[in-house]
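Next up, some structures in structure tokens.
After this come two complexes, each holding chain A, first together with chain B and then together with chain C.
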Partner chain A sequence: MTLEAFTKALEEEFEEITPGTISPDSNYREIEGWSSMHALIVIAFVDNHYDIILSAADLKQTSTIKDLYNIVQQRVG
Partner chain B sequence: MIDLKGKKIAVTGASSGIGREVAILVSKLGADLILTGRNQEALNETASQIATNCEVILCDLSVEEEIENFAKKIKSIDGLAHCAGIVQPFPIKFIKSKHIDTVLKINLYSGILLCSNLLRNKSFNNGSSLVFISSVSADHPYNGSALYSISKKGLEAFARSFSLEQSIQKMRANVVVPALVNTNIYEKTKAAYDEEFIKKIEAQYPLGIGEPIDVANMIAFLLSNNAQWITGTSIKMDGGLLLNNNT
Partner chain C sequence: MAIHQIHNISIDGIVTCVPSSIVKTVDYDLISKEEQNLFTKTTGIIERRVASSEIACSDLCYKAAQKLLEEFNCKEEIDILIFVSQSPDYFLPATSVILQDKLDLSNSCMAFDVNLGCSGYVYGLSIIGNMLQSGQFKKALLMVGDKSTTSTAYTDKSSYPLFGDAGTATLLSYKENATPWYFNLQSDGSGKNAIIIEHGHSRYPYNSDSDVIFEIDKGIKRTKKHLALDGMEIFNFALREAAPNIKKLLEYSSTNIDDVDYFVFHQANKLINESLRKKLKINIDKVPYSIDLFGNTSSASIPLTICHQLKNELISQKQKLLLSGFGVGFSWGSVICEVENVYTKLMNYD
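Now for the complex of A and B:
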């Protein structure tokens, strides 16, 4: 999955967000209404698409969607 | 005074957190022990703090054959503290059967299969006491807790069925139902969230979050003859967390 496709697919999981609001450089914690539930969605999204289980601590090291994508790529590779 | 002298007690999850504290406490109260978990080094660390006779047996409780082999090695016990468990929050819309399997195998099936094997092998002495660990989230879910809450509620139902079926042998089964306890599970939560969020959680506990010894004290009591009239019950331990909650 490309970074752009990853960003779009993740955005679709955040159902209350207007499509097109998030870009690869978005700091996802600054997304309006961000909560611990969204963090769980990110972890579950990565698990379902890549069969990789990110820990909440992995997540804490990332700020943007791109950071997240890069961590996933490292684990896949 | 709680006295466990002359009793042999098996403790699962003895390599860490609540299970380790239970093992150390019941040994201080005189019981001999069988300790199990997957992490040999961590189990040895627990065993090094045990003064009474103590046997360490490795077992992955998510694998049925390993449970069977473990149960065969237990010849005769007077108590079981089943402390093994995992927390893996997962939102419902992403759940697939592999996620259900992962959580239920260790949190629910392992307790059922271990007990059924021990009963078939006649390993429990009459009057044995079993203690399981549920969680307040069985009745008070949080985001992502569906599978964990199901597993813990299931364990409570199992303990009640067990206590009914085995009462003929004067065996007892009870459940402790803790809120947040300061173990690895809490350390992981702290590592994941910012300080402000953690402070908010801690502020919800009038008596502060629990320590492993708080839960271990109750488990030791339930394992002892002092609790001989208590069976089939769930005992909430939450430092006052749910006092303001009407459900």
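Now for the complex of A and C:
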């Protein structure tokens, strides 16, 4: 999955967000209405697509969608 | 390794008793409408049953057992009573012993408590199954449930809207030549802080600090008497451990995923269960849910889901079930069992 496809697919998981409002450089914690529930959605999304389980410590190291993508790519690689 | 098989046992009936009082997620006013929607989307919880202050978990289990014993008319034949719960009546004596008396069971019936939560039903089946399989005992009552709602703080959005109360009773019998049941039970106490009530027992008895309110995060205020839940830790644990446990059990019992009629998972969170279902490539029709209407009912969630969703399926024909519970401890386990002509009932307490 490319970074763009990753961003789009993740955006689709956050159903309540208007399509096209998230970019790879978006700080995902600044998405309107962001809560701990969204973090669970991110973890489940990555697990479902890559069979990789991100921890709370992993998420703490990231701020943008691109950071998330990179961490996933490192694990896949 | 706690992978094992048990012969010569069967389930005769399962009854679940829930309080009639319904609490809806949309009425939890400490979170916004958007948060409520996201909460329901993620956890699946629309509403749950909450027992009033005068109803204990053992009352719910008692009512369920009373109905079951009435149906099977076998009170005198019960040799074993096990109460699996983390909300006993008292610090001591054991609630199972109180229930033995209340149910008017024989004094020659053994009774003891087991302190487990989400994995408790599967563990209870294993304990009773191991005792029954030799044929020395003929019938046993497994009473499983929790009243978790007394432990959560209203001001803690990470735990308060999650839990519901329920009590269950399962009647098991010795049955010669029954199809073997297969178990895979596991534990990892390094996860003890992920779900914990710190104060009130012998490690930290109640003291003046027990009532101090801590603000853990925005929307999360509680004392050390309350249940503390680290949602992300539990979520990670379940994603990491539940699927391998089930895969190993399927392999040990030489069972294909397609051979199993229904997978009944502990009802903690819809997102976890859906991830588990996708990981194991199970058809959605084979995974029943009860979390939408009853919340997370701890150890009662598996028998509750069976009573709520599989009543007709269990009474009419033979079914191969895979039951899997995972959570507080961490403690987790799965069982593959064949059941036939099982009486089930879901009832209100009042």
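Here, the second predicted complex is superposed on the first by the 77 of 77 C-alpha atoms of A that agree within 3 Å, B and C clash if a C-alpha of one lies under 4 Å from a C-alpha of the other, contacts with A are read in each partner's own complex, and residues count from 1 in each chain.
The rule is short, and it goes like this: a residue touches a chain if its C-beta (ideal position, glycine included) is under 8 Å from a C-beta of that chain, and two chains touch if they have at least 3 such contacts.
Note that the structure is predicted; figures quoted are calculated from it, not measured.
J.: With chain A superposed, do chain B and chain C clash or fit?
T.: Pair status: clash.
J.: Per the contact definition in the header, classify A:Tyr69: touching chain B only (first), chain C only (second), both, or neither.
T.: Neither chain B nor chain C is touched by A:Tyr69.
J.: Look at A:Glu16 in the shared chain and tell me whether it touches chain B only, chain C only, both, or neither; answer first, second, both or neither.
T.: second
J.: Tell me the contact category for A:Gly33 with respect to chain B and chain C: first, second, both or neither.
T.: Only chain C; A:Gly33 stays clear of chain B.
J.: Could you say whether A:Ala44 touches chain B, chain C, both of them, or neither, answering first, second, both or neither?
T.: A:Ala44 contacts both chain B and chain C.
J.: With both complexes overlaid on chain A, does A:Lys60 touch chain B (first), chain C (second), both or neither?
T.: first
J.: With the two structures fitted on A, what stretch of chain C runs into chain B, 20-28, 254-262, 308-316 or 326-334?
T.: Only one listed stretch clashes with chain B, namely 326-334.
J.: Overlap of the chain B and chain C footprints on chain A, residue-wise?
T.: Common to the two interfaces on chain A: residues 35-37, 39-41, 43-44, 47-48, 55-56.
J.: Spell out the residues on chain B that touch chain A in their complex, using ranges where they run on.
T.: Within the complex, chain B contacts chain A at residues 89-91, 94, 96, 99, 143-144, 188-189, 191-193, 197.
J.: In the complex of these two chains, what residues of chain A are touching chain C?
T.: Those residues of chain A that touch chain C are 15-16, 33, 35-41, 43-44, 47-48, 51, 53, 55-56.
J.: State the interface residues of chain A toward chain B in the complex, per the touch definition above.
T.: Against chain B, the touching part of chain A is residues 35-37, 39-41, 43-45, 47-48, 55-57, 59-60.
J.: Along chain C, where are the residues that touch chain A in the complex?
T.: Interface residues on the chain C side: 32, 34-35, 37-39, 41-42, 158, 231-233, 235-236, 239-240, 269, 271-272, 274-275, 278-279.
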